[in-house]
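Okay, got some structures for you below.
Both complexes shown next keep subunit A, but they swap its partner, so subunit B is in the first and subunit C is in the second.
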Partner chain A sequence: MNDEQLLRYSRQMMLPEIDAAGQEKLSESRVLIVGLGGLGSPVSIYLASAGVGNIVLVDFDKVDISNLQRQIVHTTPDIGRLKIDSAKEHLQAINPDVKIDCIDHALEAKELVNEATKADVIVDASDNFQTRFALNEASVKTKTPLVSGAAIRFEGQVTVFDPRDETSPCYRCLYGDDVATQETCTANGVIAPLLGIIGSIQANETLKLLMGIGETLQGKLLLLDSLYMDLNQAILKKDPACPVCNIS
Partner chain B sequence: MEITLKLYASLSQYLPENSVKHSAKFEISTSDTTISILDRFNVPDKEVHLVLLNGVYLHPEERKSLNFSDGDTLAIWPPVAGG
Partner chain C sequence: MQVSIKYFASLRELIGEASVTIDIEENTTVHDLWMEIIRRKNIEFDNVMMTVNMEYVKSERQLIAGDEVAFFPPVTGG
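So, the complex of A and B:
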């Protein structure tokens, strides 16, 4: 680490839980972020700022003016650009030390498993159940921790699924494939700072996982109704009948 | 016995009119289950995914059979996938 890097990361390295060893771990880490929208924006900004060495951005969408109320990694001149290109430029401006790879199509099948295998943490910042189920399966298959966040209207949810621990539930223990809703922020609306709250918690959990410090939200689901600022923590149990994480 | 039912977000529309925020207290019988209580308030099955009894997630099978104790809190959240 050179003098400029020491200065850049000094305010987190002065935390004894992080120190130089934690910073080194971050610089050697690789995080897969799926979705560069309302959640992926704060997640990617905080992970790049903190010095996560390798970040893979996945999104096939382009920046639209209606995104800019909440997707804070993009700016007005980015309208019409691929979100991954817009985000990469912004993140590199914040921290040129970070290596950023971009994937401009839906990650599926072998390619998804390959990226999950290479990643130390997967961040689910997507906006639909289909992608969420696919990321969960890849997480379980490759034993890569999954930091899962979701938000719509005034409601947000965030948790960690860590398949390295056999007692950990997975996303499929929480939501069955009969889940009927396909509500999106585009169709139903969302208040912008809620995405910042949930996305920031996802970033915080990711950094802790990468450095191996503290305790994560594994086995606990945070539920926030931001209209009434009602924050709940639910205990999640592994589903003995789960078709994804209970196949031995 | 009396329990507290909390219906969050879009589900709060199914609570009685005199409910405060997303919460209502009411009497139930010893044979009531999550399913029978939600039927009583006409909450559609397809909107029920996160069911918490005293803060612990209930899997679908438990919702059909598990009975309550006096003072329990049953909380329901709709599914959330946006981002």
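So, the complex of A and C:
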């Protein structure tokens, strides 16, 4: 680490839980962020600014004016650009040390497993069940921790699935594949700071996983109703009948 | 027997109350309870999620006296 990097990260390195060793771990880490929208914005900003060495951004969408109320990694001149290009430029401006790779299409099958294998943590910042189920299967198959967040209207959910621990539930233990709703922020609306809250929790959990410090939300589903600022934590156990994580 | 019920997030808005304590019959499952609620409230809601005593459960879970049940909506946006 050079002098500039020591200064850049000094306020987190002074935390005894992090120190130089934690910072080194971050700089050697690789995180796969799927979705550069409302959740992916704060996630990517905090992971880049904290010095996560390698970040892979996945999104096929372009920046639209209706995104800018909440997708804070993008700015007005970015309208019409690919979100990955827009995000990469802003993240590199925040922290030029970070190596950022961009994928401009949905990850499927082999490519998804390949990216999951290379990643230390997968962050699910997507907006649909199809992607969430696919990321979960890749997480379980490759034993890569999955930090899962979701938000709509005033309500959010966030948790961690860590398949390195055999007792950990997976996303499929929480949501069956019969779940029919496909509510999106585009169709149903969302209050902007909620995405900042849920996304920031995802970033915080990711940093802890990368450094191996503290305790994560594994086995606990955090439920936030921001309209009444009602925060609840539900215990989430592995489903013995889960078709994804119980096949070993 | 009595159980307490909490409605979370947008379900709270839909049902029109945050919590209630009600009498139910023995051997009622969480699914039975939810069916009774949507019948009484005359609402439609698919894919409700539920906890009993703040532990996530499947709908076939049988309730016992004093259980605290919470219903909440699925969330997938981002």
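Rule of thumb we're sticking to: the second predicted complex is superposed on the first by the 248 of 248 C-alpha atoms of A that agree within 3 Å, B and C clash if a C-alpha of one lies under 4 Å from a C-alpha of the other, contacts with A are read in each partner's own complex, and residues count from 1 in each chain.
Here is the rule we go by: contacts are C-beta pairs under 8 Å (C-beta built on N, C-alpha and C of every residue); 3 or more make two chains touch, one makes a residue touch a chain.
Source: prediction; values computed, not measured.
Undergrad: For the combined arrangement obtained by superposing on subunit A, do subunit B and subunit C clash, or do they fit?
TA: Clash - subunit B and subunit C, as placed by superposing on subunit A, overlap.
Undergrad: Look at A:114 in the shared chain and tell me whether it touches subunit B only, subunit C only, both, or neither; answer first, second, both or neither.
TA: Neither subunit B nor subunit C is touched by A:114.
Undergrad: Kindly classify A:149 by the partners it touches after superposition: subunit B alone (first), subunit C alone (second), both, or neither?
TA: It touches subunit B and subunit C both.
Undergrad: Identify the partner contact of A:190: answer first if only subunit B is touched, second if only subunit C is, both if each is, neither if none is.
TA: Both partners, subunit B and subunit C.
Undergrad: Look at A:10 in the shared chain and tell me whether it touches subunit B only, subunit C only, both, or neither; answer first, second, both or neither.
TA: Neither subunit B nor subunit C is touched by A:10.
Undergrad: If you stack the two complexes on chain A, which partner ends up touching A:234: first (subunit B), second (subunit C), both, or neither?
TA: It touches subunit B and subunit C both.
Undergrad: Overlap of the subunit B and subunit C footprints on subunit A, residue-wise?
TA: Shared contact residues on subunit A (touching subunit B in one complex, subunit C in the other): 35, 37-40, 124-129, 132, 149-157, 174-175, 179-185, 188, 190, 195, 221, 223, 225, 228, 230, 232-237, 239.
Undergrad: Under the stated contact criterion, what part of subunit A meets subunit C in this complex?
TA: Residues 35, 37-40, 124-129, 132, 149-157, 174-175, 178-185, 188, 190, 195, 221, 223, 225, 227-228, 230, 232-237, 239.
Undergrad: Spell out the part of subunit C that touches subunit A in their complex, as residue ranges.
TA: Those in contact with subunit A are residues 8-10, 12-13, 18, 46-47, 51, 54-56, 58, 70, 72-78.
Undergrad: Under the definition above, what is the set of subunit A residues touching subunit B in their complex?
TA: 35, 37-40, 124-129, 132, 149-157, 173-176, 179-185, 188, 190, 195, 221, 223, 225, 228, 230, 232-237, 239, 241
Undergrad: Looking at the complex, which residues from subunit B come into contact with subunit A?
TA: On the subunit B side, the touching residues are 8-10, 21-22, 46-47, 49-50, 52, 55-57, 59-61, 75, 77-83.
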